[in-house]
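Each of the next two complexes has chain A plus one other chain: chain B in the first, chain C in the second.
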Partner chain A sequence: MRKAKPLPAQDIKPAPRQAGLVLDAQLHLLDRQILDVDGVPVTTVDDVELSGPAPGEPIPEGTEAPHITALLTGAVLGTRIFGGRPPSSRFIRIPWEVVAGVDTVVSLGVRANSLDASWLERWMRDQIIAKIPGGRHDPE
Partner chain B sequence: MILNDLLGTDVVDSTGQRLGEVSDVRFALDAAPAQLLSRARMVGVVVCPRTATSFLGYERMDVNQPWPLAQLLRWRHRGSFLVLWEDIAVMGPDGVRLRSEFTAYESTLPR
Partner chain C sequence: MKRLLGVALGILTAIGGFVDIGDLVTNAVVGSRFGLSLAWVVLVGVVGICLFANMSGRVAAVSGRATFEVIRERMGARAGLANLTASFLINLMTVTAEIGGIALALQLASGVSYMLWVPFALIAVWLVIWRVKFSIMENVTGLVGLSLVVFAVALFLLKPDWGSLASQALHPSVPSEEGPGTYWYYAIALFGAAMTPYEVFFFSSGAVEERWKVKDLVQSRINVLLGFPLGGFLSLAIAACAAVVLLPAGISVTTLSQVALPVIQAGGQLALAVLILGVVAATFGAALETTLSSGYTLAQFFGWSWGKFRRPAEAARFHVAMIVVLLAGVAVLATGVDPILVTEYSVVFSAIALPLTYLPILIVANDPQYMGKHVNGRAVNIVAFVYLVIILVASVAAIPLMIATGAGA
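Now for the complex of A and B:
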């Protein structure tokens, strides 16, 4: 790997102020827990999907900046240990349109039952827990 | 495009000189209000000349506690800068190439 050439400190200017909330993806989004509108944990943010130009293609000047289209979740434990990432088709998307807030957790404006991300929990409830005697009602 | 394809990739200027690695991608929620939260527009990439991994973002915030850790991490990430989207010529899993005459901005987060 070639050594990077650090820029002289005087070449680094004060950043322009943004009008809205500023988020750094690694600091404020990745690995944050996602809660639904009732505060029920849904999943965590494993990756983020961006709109915009095709990767590796030259970007013409004046091209509109990409934006976040969805938060992604999926089975990333193996790839975090051994490298790489799962194929895009293996991720479950949570569209940015249902995100209601970003704080120490990412909160959604919808219920977890309406999202693909909670399919495993629903399947466990319906196929396994519900078949256990007493599994269809609250403990007495 | 998937964000993790971009994080940690090399950043080079228009002459091919390596400037560092993408340590983060900055977004701003400054679009027109939507039903819940406005669009998160990409502002630019945070480039670190020494390491792509940014631990807790000490170099981008004025947090000083615990003091030894803050000093160590700030020193490790010295020289980090923000490059705006307008100055990015090519972006992808193979790296980021900047336009000639790009401007480097301080990577500190607004308070």
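Now for the complex of A and C:
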């Protein structure tokens, strides 16, 4: 990930507080793989949740610049392909506080099992795979 | 010494792993109808797969990202899903063909109908995927698959007119009894058989499975650059055997036993036994690779945990997906469709889908964000661009030719 290049002094506008890393949400976040603290894949990024007024609402003077509050994932491929927006309850949030780094992958600082985003994986493990003999053993 | 052994093992498994049911059938069909006049396509295909496998292996080793993660990131959800659907269906077709291939080889060995062998093949493939370590799986099937060298031995025993074989290969022309449409249709089929996309999914995911780092790239390059061309020679030997025995007899290959005919004529029962061993190993290895590839593509697209280095419980959706794929493949075979026919279509559809995987890999191999200083060199990019054109032309021409020639009939 590239750090923002220093600009000549006269070009510098008042910097937002969260500055430091320039991310293009489309390019660097959307559809990126999310790995947990042990490097286990969790899911991919489908959307981001931003702070601040909702789209269309008037923005009062002095409002803070919006920042990412969560990465969103879930079974939303349908609306991503055919357009429209599902109700926000369809998304599973991964709060931005647990994100440890953004590189060619988004890495988290917590284990996948502690997240709602891994429920289907855990469900398939507990209901199907773990019940087949050998499912919990290392390959030999 | 240990390192040398490692290199030798890698090359040998690359040779044995190169040939699958698609190469076996397509080369024999082509040999029996066109002699060696399409040998040049095998050459073009082998250079292509070397280039492509090297690139995807390098992307995986440097960035740690396997092919389909890259495809989704670069193409986005919509185009990525279209790509996944196409790649997955072709993969499923190949899984079906390979399992059918195992069963047909066992039928050849036992005389018991292949239909009865299909469930056994299914269970054996699944058990290996479920329990056996990646490296063991690769090495055993690759080494046993080397018995297909029997085609080369048979070719020598048949004492062919080498001069005429060489002139067929070096001065390619469309045989008088075939039209140019069928010639080019089979050229695309042969190209698709050599460059099947699943090999690339498998190669790049395998690099992640075996935790390749940049320093392992030299060895992987040796494996690919020596192993695949030697595998290509094996393909040519299959075609040449068919050209020597089946073409003059006017037999065009439609069954696996016809593929074996030249070998039986040259070496009798013993050669047949070796051949069957080789075919079982090659198709079994390819069935494992294609099944895993279906799991890899799905898991990488959706961001699931995947890999044989994990316990099945730690990659639950990956393993469930592969079980479903195997059952789907067997369900297709249960309809009684001829596995050889499935194979012939699968290689052509592979050629059609090639640009879908080739292009994203080429783009990422040039992206310094992923690759740092290991981006493609200038020479590689020139060759890669030439291949992009070849792949696009083959992909676009395949369907019209399929319709015009009645699928090569």
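Simple rule for what comes next: the second predicted complex is superposed on the first by the 118 of 140 C-alpha atoms of A that agree within 3 Å, B and C clash if a C-alpha of one lies under 4 Å from a C-alpha of the other, contacts with A are read in each partner's own complex, and residues count from 1 in each chain.
Keep this in mind: contacts are C-beta pairs under 8 Å (C-beta built on N, C-alpha and C of every residue); 3 or more make two chains touch, one makes a residue touch a chain.
Quick caveat, the model's predicted, so the values are computed rather than measured.
Student: In the overlay, work out which of chain B or chain C sits against more residues of chain A.
Tutor: Of chain B and chain C, B contacts more residues of chain A.
Student: Looking at the overlay, what does A:G134 touch: chain B (first), chain C (second), both, or neither?
Tutor: The answer is second: A:G134 touches chain C but not chain B.
Student: Go through the superposed model and pick first if A:A70 touches only chain B, second if only chain C, both, or neither.
Tutor: The answer is neither, since A:A70 touches no partner chain.
Student: Could you tell me if A:G101 is touching chain B, chain C, both of them or neither one (first, second, both, neither)?
Tutor: The answer is first: A:G101 touches chain B but not chain C.
Student: Between chain B (first) and chain C (second), which, if any, makes contact with A:S88: first, second, both or neither?
Tutor: first
Student: Output check: A:L115 vs chain B and chain C. Expected answer is one of first, second, both, neither. What do you get?
Tutor: In the superposition, A:L115 touches no partner, neither chain B nor chain C.
Student: Looking at A:V48, would you say it contacts chain B, chain C, both, or neither? Reply first, second, both or neither.
Tutor: A:V48 contacts chain B only, not chain C.
Student: Mind sorting out which residues of chain A both chain B and chain C touch, each in its own complex?
Tutor: Common to the two interfaces on chain A: residues 1, 30.
Student: If you look only at chain C, which of its residues touch chain A in the complex?
Tutor: Checking each residue of chain C against chain A gives 63-65, 69, 72-73, 76-78, 80-81, 130-134, 299-300, 302-306, 308-314, 316-317, 319-320, 369-370.
Student: Give every residue of chain A touching chain C within the complex, in rising order.
Tutor: The touching residues are 1, 30-34, 40-44, 46, 73, 77, 80-81, 104-105, 112, 120-122, 124-125, 128-130, 132, 134-140.
Student: For the complex, which residues does chain B have touching chain A?
Tutor: The contact residues of chain B facing chain A are 1-5, 7, 10, 17-21, 23-31, 34-43, 46, 49-50, 54, 56-57, 60, 78-79, 81-82, 84-86, 88-94, 99, 103-110.
Student: Give every residue of chain A touching chain B within the complex, in rising order.
Tutor: 1-7, 9, 11-27, 30, 47-59, 61, 65-68, 72, 85, 88, 91, 96-102, 109
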